[in-house]
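For reference, chains read A, B, C and D in written order, and residue numbers begin at 1 within each chain.
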Amino acid sequence: MNTIGKILTLSTFGESHGPAMGGVLDGVPAGVDIDLDALQRFVDRRRPGQTVGASSRGEQDRVEVLSGIWQGKTLGTPIGFIVRNTDARSEDYEPLARCFRPNHADYTWQVKYGIRDPRGGGRASARETVARVVAGGIAMQVLGRLGITIEAVARAADAATLQRVMADGDTLGGIIECVVHGAPAGLGEPVYGKLHARLAAAMMSIPSVHGFEYGDGFEMAAKRGSEVMDTFEKRDDGSIGTATNHSGGIQGGISNGEDIVMRVAFKPVPTLMREVPTVDRDGNPVTLPPRGRHDVCVVPRAVPVVEAMAALVILDNYLIKKTNVL
Amino acid sequence: MNTIGKILTLSTFGESHGPAMGGVLDGVPAGVDIDLDALQRFVDRRRPGQTVGASSRGEQDRVEVLSGIWQGKTLGTPIGFIVRNTDARSEDYEPLARCFRPNHADYTWQVKYGIRDPRGGGRASARETVARVVAGGIAMQVLGRLGITIEAVARAADAATLQRVMADGDTLGGIIECVVHGAPAGLGEPVYGKLHARLAAAMMSIPSVHGFEYGDGFEMAAKRGSEVMDTFEKRDDGSIGTATNHSGGIQGGISNGEDIVMRVAFKPVPTLMREVPTVDRDGNPVTLPPRGRHDVCVVPRAVPVVEAMAALVILDNYLIKKTNVL
Amino acid sequence: MNTIGKILTLSTFGESHGPAMGGVLDGVPAGVDIDLDALQRFVDRRRPGQTVGASSRGEQDRVEVLSGIWQGKTLGTPIGFIVRNTDARSEDYEPLARCFRPNHADYTWQVKYGIRDPRGGGRASARETVARVVAGGIAMQVLGRLGITIEAVARAADAATLQRVMADGDTLGGIIECVVHGAPAGLGEPVYGKLHARLAAAMMSIPSVHGFEYGDGFEMAAKRGSEVMDTFEKRDDGSIGTATNHSGGIQGGISNGEDIVMRVAFKPVPTLMREVPTVDRDGNPVTLPPRGRHDVCVVPRAVPVVEAMAALVILDNYLIKKTNVL
Amino acid sequence: MNTIGKILTLSTFGESHGPAMGGVLDGVPAGVDIDLDALQRFVDRRRPGQTVGASSRGEQDRVEVLSGIWQGKTLGTPIGFIVRNTDARSEDYEPLARCFRPNHADYTWQVKYGIRDPRGGGRASARETVARVVAGGIAMQVLGRLGITIEAVARAADAATLQRVMADGDTLGGIIECVVHGAPAGLGEPVYGKLHARLAAAMMSIPSVHGFEYGDGFEMAAKRGSEVMDTFEKRDDGSIGTATNHSGGIQGGISNGEDIVMRVAFKPVPTLMREVPTVDRDGNPVTLPPRGRHDVCVVPRAVPVVEAMAALVILDNYLIKKTNVL
């Protein structure tokens, strides 16, 4: 349930204010050079405190690789890793243990398990994504050796808007667009494992995501077939490609060699810097005090998370493809 | 790769113009009454020839259940089923075997496998969805006994527009909205198995789908946190619910007891009733003749497919939830 | 639950006296020649009525391939198949529906599901293995193209002993030894997916199997390390091999290029041709009448089943191995 | 590949002389009391240096739980844990990096991955089992709350024999018998997921295991059906049970409520305290010097490992059983 992938699998663990976040990345091919310093720099990109309106929680997020990489190369064995939680202030959260914050996972978690770690949202915290970024960062390095690169950009509000929203004690959402360059044709399994279905599941599993589309996406629904036809053409190097890319690089669930293009919609951060009315476990009305130390807009920090999830899916499908012919 | 689900699993098979489509639905709880006549009526809803602009291919689509149901009750064993392909006219497709139809799976399939069944798109045909509807129809009956119902509606063009588009030899896409009523709180696994991630993967695996969203979806990205806050309230019966449902019935990846609301975007049918330029396997330009017997808009026929996929995911998560506590 | 394998997966269905047995074999590489006549002959090897003491049930067991193979070649899509049950005589079994036959699955199935198909043991019947043989027969053909062959031999009683046991209305068990020739070194995953762990699970899943060992097996437990040491040596062709094969071709869970050797122990057939005392559902003592149409010893007919299961595991691991390096 | 289980899943990592061994145990039901001191005592049972002939490697094996347990109770989230490797002496192993020790995984690993961590066998070391014992110890505590207990005993040589074998610089194998008491009827999935197939796979995945049997096991193969018939009887409390237990508590792959009895055969330790002839990577003959710090017989230390694997399988099947009926 906390595992994603088929050949390349990632299993993660960790509560926001427990000792550590961590994971096991299994199925990474053997003999690949991994640059742990570059990995740390990639993980640093999701750290708080780097943009306007970002949480001031001061995690260092040092990646500690415990297995699977030796003398700078992958061994083909599972890569276990942890990231310690160093800046947990659990006392902040004590009074919330009996209340259900709106648009958070407090209520659903309580109903599902009958117990929850209320400190910082426990495992439902977006801090969980640090393990995704570690694993995805490794996958990106492997893909890089294959000439495949991944780049996401945030389509969020500008600094002035963020400042204004922050002044109102409010929050914002946004969209991240992610492009995979250099992926070969043939990635993706045709029916339930379509490449875009796998990408959708991976992206929708990121906290706060409410929508996914690829290629022309929802706009496709209002177009005519003749308007979105990606005509094939023979290129100068003799290869076959498409003149346009309405399909977002995926046809019939399988990559066609063009850029793979997708967009992911994030809801606004649910924690406001205002008083918020809600109920406690008994249904009695209570008022939550304004909260601090939270992001006004999580989208910029989510960019490496989106890239990481894309990398995990693409590398997994790259490995699966090896088994399609004898 | 042709399997979906965790406890409730569906494995399907079949090429469009082979002897039969079919599947194995495993993990259905034992002792549940199944009405096979009602199942046949549900499957009939996706048959062609029922709406303006739909394919005139005359499949009867008789469901033949081969196992797992005895004396009207599920046995707890896998439910094997087939639907014969009775109206295959393979000669229609022979000349296409060497060409790549734009926005179809011909090219990607050829690159991936080095071989493909060109008759009617082979396994890449939307005919594959008949097996989803059989399995999903069974899941819906099981859910019905739990008081959970699923209803999807097409948001597609009206008959006049369809007629005009058909006259142009063109095609249309559309959106299907699907609502799950009566699902209890607590369905969905928190991290990679979030309920909406599972729903997204299931919906995105339907042929022609390009986008998925739940609750306020992509609109969430442009809203402020205060605008989409689903405030909790105590209801007259003592239960806790939300005053609004921007979250679409899912919070933190887990159902909260409200209606689960999602939307699925379909691209326009890629087969036009016009001449279409493309290339053959060697990259040489060729012109495809206008095609007949295809849907102008697939969205109305896809409604039961969407319902079926939702049912499979919801029932699977209902079963998983049983294991959350001892 | 009715699925086995990781890349190459087999999902099967069918009750002994339902309309058909069948399965879906997914993950077979594309473009491989399959000889359906040879497949039928392989399946015929497990048919009853061919040896002394075998059941006289007269199934024809015609394999009907429904998908995944076209013009004699695999398509890379799932191979769906069925085998009709033509000789079911359900009236034979009616009186047994309320009784629990000793050493059968009647009691455990009833407790587990609260319902069971009593006709011929339903899905618990060894007739279930016909689907394994169809799928395994396909896998063997694929392995054959790689130079890998599988041969099992029964170590059961001679005809005279069988006749004597049959005259007593009794039954016998036996051992099947299976050898895989020509498998390359490097098959098997080191920890939970050790090659012999996968083989053990596959063999132990065959009805009536009570034990599995590979190489020197249980005898290893009484030996000294110096007695079972497979010394490495350089062969004339420059390759490295072992002088002996106490390890049964697997070291550290991974094949080493020697013959893979395993043994599977079958219990005696539980259905006697004598009166058998037991209880009914309420625990009341009842006496089962002598039964006919059953095997005295199932071991000879199980030989192709053992070969089939070995083939499925070896081919699956052959495909997995492709993903170990980039 | 380094994951075992279906609902209750264990993913482990770690090389013998890397920073730590560890794992993620997911799917443990929420709200169960876990006694971490008792868990540490269970893990201590597999530590070296406690019996005659055991390795003198002085690991402390302190279990560090990083998530999933809070205030003494399971949260329903994955339980991440590590055990640091504190006594690694990597210099011992440097000269071996180019040689293949007989009956070890050196050769097969090298062929499979093209790279290996030669320090102490890397991930192929039996040190890997410490993570199994941590996870299995947690599973045993959960089972204990259900009244299910697991007890294994070593059937190995006595101290005098061990001393004599040690004096010869030789090693021994042995057998472990494991019994599960108090398991309810109904555990196990009928076809490929038979309870004994799952137990076999789990036990065969333990390093050095060469055989598995349950109930009368291999002896069954030489018995008549009438000799191994477990007659049903009504007990004083009104329940139905069997008068004997040749079946080892499992019939048709499903537990019947009797004790579940199995035996696991271990080969002798492959590392001798003698000179051993072998080859290096180029096939040239070399002689390995006598090795120290290794067990003469691993069987006593493997007892908690066998119990742990049994616990993981039984608890997983207990959870799966919850989904068999609505």
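The rule is simple: a contact is a pair of C-beta atoms (placed from the backbone, for glycine too) under 8 Å apart; a residue touches a chain by one contact, two chains touch by 3 or more.
A quick note: this is a predicted structure, and the numbers were derived from the prediction, not measured.
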Centroid comparison with chain A (C-alpha atoms), farthest chain: C
Pair joined by more contacting C-beta pairs (B-C or A-B): A-B
CA centroid of chain A to CA centroid of chain B, Å: 25
Where chain B and chain D are represented by their mean Cα positions, the distance between them in whole Å: 43
Rounded Å distance, chain B centre to chain C centre (Cα mean): 36
Contacts with 2+ other chains: residues of chain C: 1-3, 12, 27, 30-31, 76-77, 112-114, 123, 190, 320, 324-325
Contact set on chain D toward chain B in their complex: 7, 27, 29-32, 76-77, 142, 145-146, 190, 319-320, 322-326
Chain A-touching residues of chain B, taken from the complex the two chains share: 1-4, 12, 100, 102-109, 111-114, 123-124, 128, 155, 165, 168, 170-175, 185-186, 188-194, 196-198, 200-202, 204-205, 207, 210-218, 220-234, 238-240, 242, 246-248, 250-257, 265-272, 274, 276-279, 283-285, 320-321, 324-325
Interfacial residue positions of chain B with respect to chain C in the complex: 1-3, 9, 11-15, 18-24, 26-27, 30-31, 64, 66-68, 70, 73-80, 82, 112-117, 122-123
